[in-house]
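Below are two complexes that have chain A in common, paired first with chain B and then with chain C.
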Partner chain A sequence: MSSHNGTRQFVRLTLNQRIQHAIMFISTILLTITGFMLQADQGFIDLFGSYAEDVFEMRSLIHRIAGVAISAVCAYHLYYIFTTEEGKSWAVDMIPRGRDGTDLVQNMKFMMGLRKDRPKLARFFYMEKVEYWSVYIGMFLVISTGVIMWTEWIWPVFFLDVSGAFHLGEATLAAAAIIVGHLFSVHYSPHVYPMNRAFIDGMIGEDLMKDEHGEWYEEVLEKEKAHTENSDRRHFSSDRRMSSPDE
Partner chain B sequence: MKGALTVTLKISTLLFLYSLAASTYAEVEGMCNMCHKYPGFGIIEKKTDEQSHDRLRLFYINDDLFSASYHGKIRCFSCHTDVDKIPHNDLEPVDCGTDCHILEPSVNEQFSHKSIVDDLRKSAHGAEGSRHEDKGDLPVCKDCHTNKTYHLDVAQKDANISLAVCEECHVSKGFVKYFYEHIGYRIEKRRNSKEVVALCSTCHADQELMDKHDLHAVSGFSSTFHAKAISYGDEKVANCLNCHAPYEEGFSPHRIMSWKDNASPVSIKNKLQTCSQSDCHKGANNSFATVSKIHQAPDMAELLTIAKNRLLSIADPAAEVIEAAEAEKEANKAAGEDGTTDETSDGAAEDTVEMNTPFIDPVFHALVVYGINLFYKVIIALILGFFIFHRCLDLYSTMRNPHHEES
Partner chain C sequence: MLNAIKQIPLTKLLVDTLMFMIFMILLSFTIWLFYIFYVRGPITVQARGYVTSTETRHVKDAKKSKPAQVKKYQLEHFHNLDDAVIGGIQYKSDCVLCHGSFAHVTNVKVRAFMNAHSWFIQCEVCHAEPKTDEKTFMYSFFDNETNEPVTELKKSSAGGLGTYTARIAVAKKENDTLVHQGVYSGKDFIEKYLKQKVSINFGEIDQGPAMQEVHSILSEDALECDGCHSEEGRIDFQQITYSEEAADHLKSLDVGSMVTTYEEFHFPSLRNDEGLKYRRPLEEAMD
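After this line comes the complex of A and B, so read on.
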């Protein structure tokens, strides 16, 4: 089914969040390509022919520009979650809780056919929380080691080698996790084939909302109901077709 | 009439044979082309104890290529001084320090490579400078100077305007072209970094040869950033010679020294200056330069073996290298403290002490890096394994409940 199936659409990602995501994924793609070019073997390098030297120079420049961009968006995200209502709501909903463990067990049972229904998952379920907080650890490591390698002339080689090992290891882990864990689960998944369009228009369809975020769906409806009752009391009627969880 | 013709032919034949016989055993100068102009002119050297297979040696000289080469203006006998008869089978190898029969134009004296040959002899690659007793494998001039037809490369470039300017004053076009190519080729790099690395690796990456000379084969270089940049054709990054014999810092490949020699650009004393030379690591500090090893020796695998042996309390010969390096650092440090170094007057002794302090045990270094790599291998396998498992279950549940998905 499509990520937008259903009679109603809900706001999954705001414009601000989508811009952060866009800068993040464009930078990540560029960083991954230009970073792994340093691990390429001679056969791949030879494909560039006489342009190889220019390609290498551009590689270095693009890697640094994308590194700065992703660092900036990370810094902004910290500012965003501490200072804006939207950001605070996001961060609070991302905080791991005991229920995530139960969700994991129940969801696995459901997927194995040992349980009839999928558990009602919150706005962010365990997998999304793992991915989100992994980005904090990953970003801390790659940015700090990247800065060390960028200022190589002031560090002993021990720190440079350790930084290089962490930078490469974390980048490999991130790239693999994004491809297997994020890209295939969130985008190229039978639930949302061919992709979850939330990262483009920010919306999620009612069907997917119910299936993957049952608890959140009910919370939104509760809020909406309360909001409608308040509006009725103020003789205000609305035929809204969309709801935002952050309202 | 017929008798006169017969007599003439006989006399001619005798004169020809006489002249051939005379040239064969006496003056052969100027006759090199008589034989060496033929493509395919050569011999097959039969295999010997030292040579595992038959070898074809071609002696053909292409006149055009030779005259366009570095030595194109030099006569054969200037270098092949012991050729005095035809055939000449048992010639000594050419001595590049021989005086050439041309004048060095800046001082108008006979030109020679003698000073460079002397430098090479005293260098780590030479019979005098090499610390190892076996001098048989030391490189000779021809091992590095493969004598390509350099001048033709330059001639292919668009040099017409420059040549036209020179020809305004200098009458001989041949001289102008030769001089232009001579200077022009030296302005450009004669070998790119890839070729330099390949050339040095011919010997220094040969494990067997290095073992024979008690040296460590260069094994870690290929995994460095320098090597990767070179493999992309980056000419700004340092190749072997930029560190071991930088012309910019007054060194020369002909005077290359062991890193253990205090005068070497890669000695602990000079590393900082070498790393921070122009266009490289400007602003590099002591901790970066003095403990940096672009190609670690012993390499990572050897270090891990040493670590394993240390844990098992087994003596390892490779550990001697580390112990020797540590002993040398201690000696340098002690010398600096005693004020016995020759730079005490300008405070360099203090630097020497400082340079030796941030030393990290290479075995510990290797273990930490190995540990990080291993950690990531394990963690990546575990995380991806979980993701893939979760994904497979998700697909399984979707296949099991297609109607649920379609709803």
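After this line comes the complex of A and C, so read on.
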């Protein structure tokens, strides 16, 4: 927790998480561009003129490099959530719970004007959980089918056809979900426009924290209060010990 | 710094403009996604497998060709006419069952030369080891339709040399008769293998041994230009019906050094408006 620009700031993403996110979003942008180039009409390919072949060769190479990068970050993320305290806390907080359903209903009521206050949401609310776990399913599909297509000479054509269909379908779904869901909530939503800076400096402002993660905000404040009290107590007992003539 | 008219901070104006532009790009992309799925239909990327290249002389890293989908886009518009021509060969090499009529794809510089040779030379002439028994094995033209050896030129009714639809293949001399020798006698095996390859599992034929068996007759490096077009060339051009003058000309063609010496060839473009008028419609070409 820190304070600058006059408002309190809370840590939303650590440096490690921000690096994972950065690799992921750069790779996703590259994969989207180089992947959907294959769906381009001939007129688009003609724009490259005599360079078309070189451009498509680079497309192929960049797509594979970005694919390897995103696979690596996914593998690291699994290692991260199973082995580090920070990662374990992240994964535990991401586990869907019964209260997510309640939050969803209450939040919908709030947005439709049937409820006065927004429900106090936890560190990750239902929407973020859906986004997060969807990435697991999506990544499993695109990485496995991508590997099959990369090693096409060892697979029956049936596998390749199915892989191609799944790869394209999942990529389209992911691209649409990122544009409609994620980019809206972190860039175009009035609460954060023009951007939620958490992916850059890892911090979230107090107002947004209260508004979108009310319950987590209170938990953090309580922990902070308890920590301060403990620290004062230790300080006090330490002073007492130090001043004791027996020591 | 303020905008003079609406008193909007310039930085905010710039950010809004940027965000609006990004929004429009994302919106266009989303609309395009709808278009490709619900209007045009997605392009199915055909998996045709890697093609192992033997054209190692001119391409440093030509172990494998680029993925087929890229080639598909670059080649399909050009070679539909050629396919009609090659389709006329009744006794093709078994290689085309898997590799297709335009197997030379890796080396952009010379693939047109090589694919054009496929019209009148069977794959095994360049890609198989020559038989050591030169008395019985040789090369000859064989008729594309009857597969009979073409051993002499007949005058056409117009007085010229006539038109022959034949290609050079490996021949074996049996009782003073030339018999066509295919590169691989297991055509049924290849067809069976290809059939099971599109099934959901691999089937009874293991891929590795099958590939090894089918390719066992091939030489590691394919014959290059001067393998035929030189005094020491593999083919005796006069023996296969060329005149002495034509044979000398074929032997002295310096295609090899043209390929190795020059970085770029300049062919007339057939894709722009100027070039398109020289192309015949497909239906006309197939008549």
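For the reader, a short list of remarks on this structure follows.
One rule holds for everything that comes next: the second predicted complex is superposed on the first by the 229 of 247 C-alpha atoms of A that agree within 3 Å, B and C clash if a C-alpha of one lies under 4 Å from a C-alpha of the other, contacts with A are read in each partner's own complex, and residues count from 1 in each chain.
As a working rule, a residue touches a chain if its C-beta (ideal position, glycine included) is under 8 Å from a C-beta of that chain, and two chains touch if they have at least 3 such contacts.
Remember, it's a predicted structure, so these values are computed and weren't measured experimentally.
With chain A as the common reference, chain B cannot sit beside chain C without a clash. In the superposition on chain A, contact is made by A:D207 with chain B only, not with chain C.
Contacts of A:G113 after superposition: chain B is touched, whereas chain C is not reached. In the overlay built on the shared chain, the residue A:L38 is in contact with chain B and with chain C.
In the superposed pair of complexes, A:T172 makes contact with chain B and with chain C alike. Once the two complexes are laid over each other on the shared chain, residue contacts for A:Y188 go to chain C alone; chain B is not touched.
By the touch criterion stated above, A:E218 is placed in contact with neither chain B nor chain C.
Between chain B and chain C, B contacts the larger number of chain A residues. With both structures placed on the common chain, the touch criterion links A:I154 to chain B and to chain C.
In the superposed pair of complexes, A:A52 makes contact with chain B and with chain C alike. Once the two structures sit on top of each other via chain A, chain B runs into chain C at 91-99, and not at any other stretch of 1-9, 19-27, 91-99 or 271-279. The residues of chain A shared by its contacts with chain B and with chain C are 38, 42, 45, 52-53, 56-57, 152-154, 156-158, 160-161, 168, 172, 176, 180.
Residues 15-16, 18-19, 23, 26, 29-30, 33, 36-37, 40, 42-45, 47, 49-50, 66-70, 73-74, 77, 108, 196-202, 207 of chain C are the ones that touch chain A when the two sit in their complex. Partner chain C is touched in their complex by these residues of chain A: 38-39, 41-42, 45, 52-53, 56-57, 59-60, 149, 152-154, 156-161, 164, 168, 172, 175-176, 179-180, 183, 187-188, 193-194. Within the complex formed with chain A, the chain B residues making contact are 225, 228-229, 231-235, 275-276, 281-285, 287-288, 291-293, 358, 360, 365, 368-369, 372-373, 375-376, 379-380, 383-384, 387-388, 390-391, 393-398, 400, 404-407.
Chain A meets chain B in the complex at residues 1, 38, 42, 45, 48, 52-53, 55-57, 108, 110-113, 127, 152-158, 160-162, 165-166, 168-170, 172-173, 176-177, 180-181, 184-185, 189-191, 207, 211.
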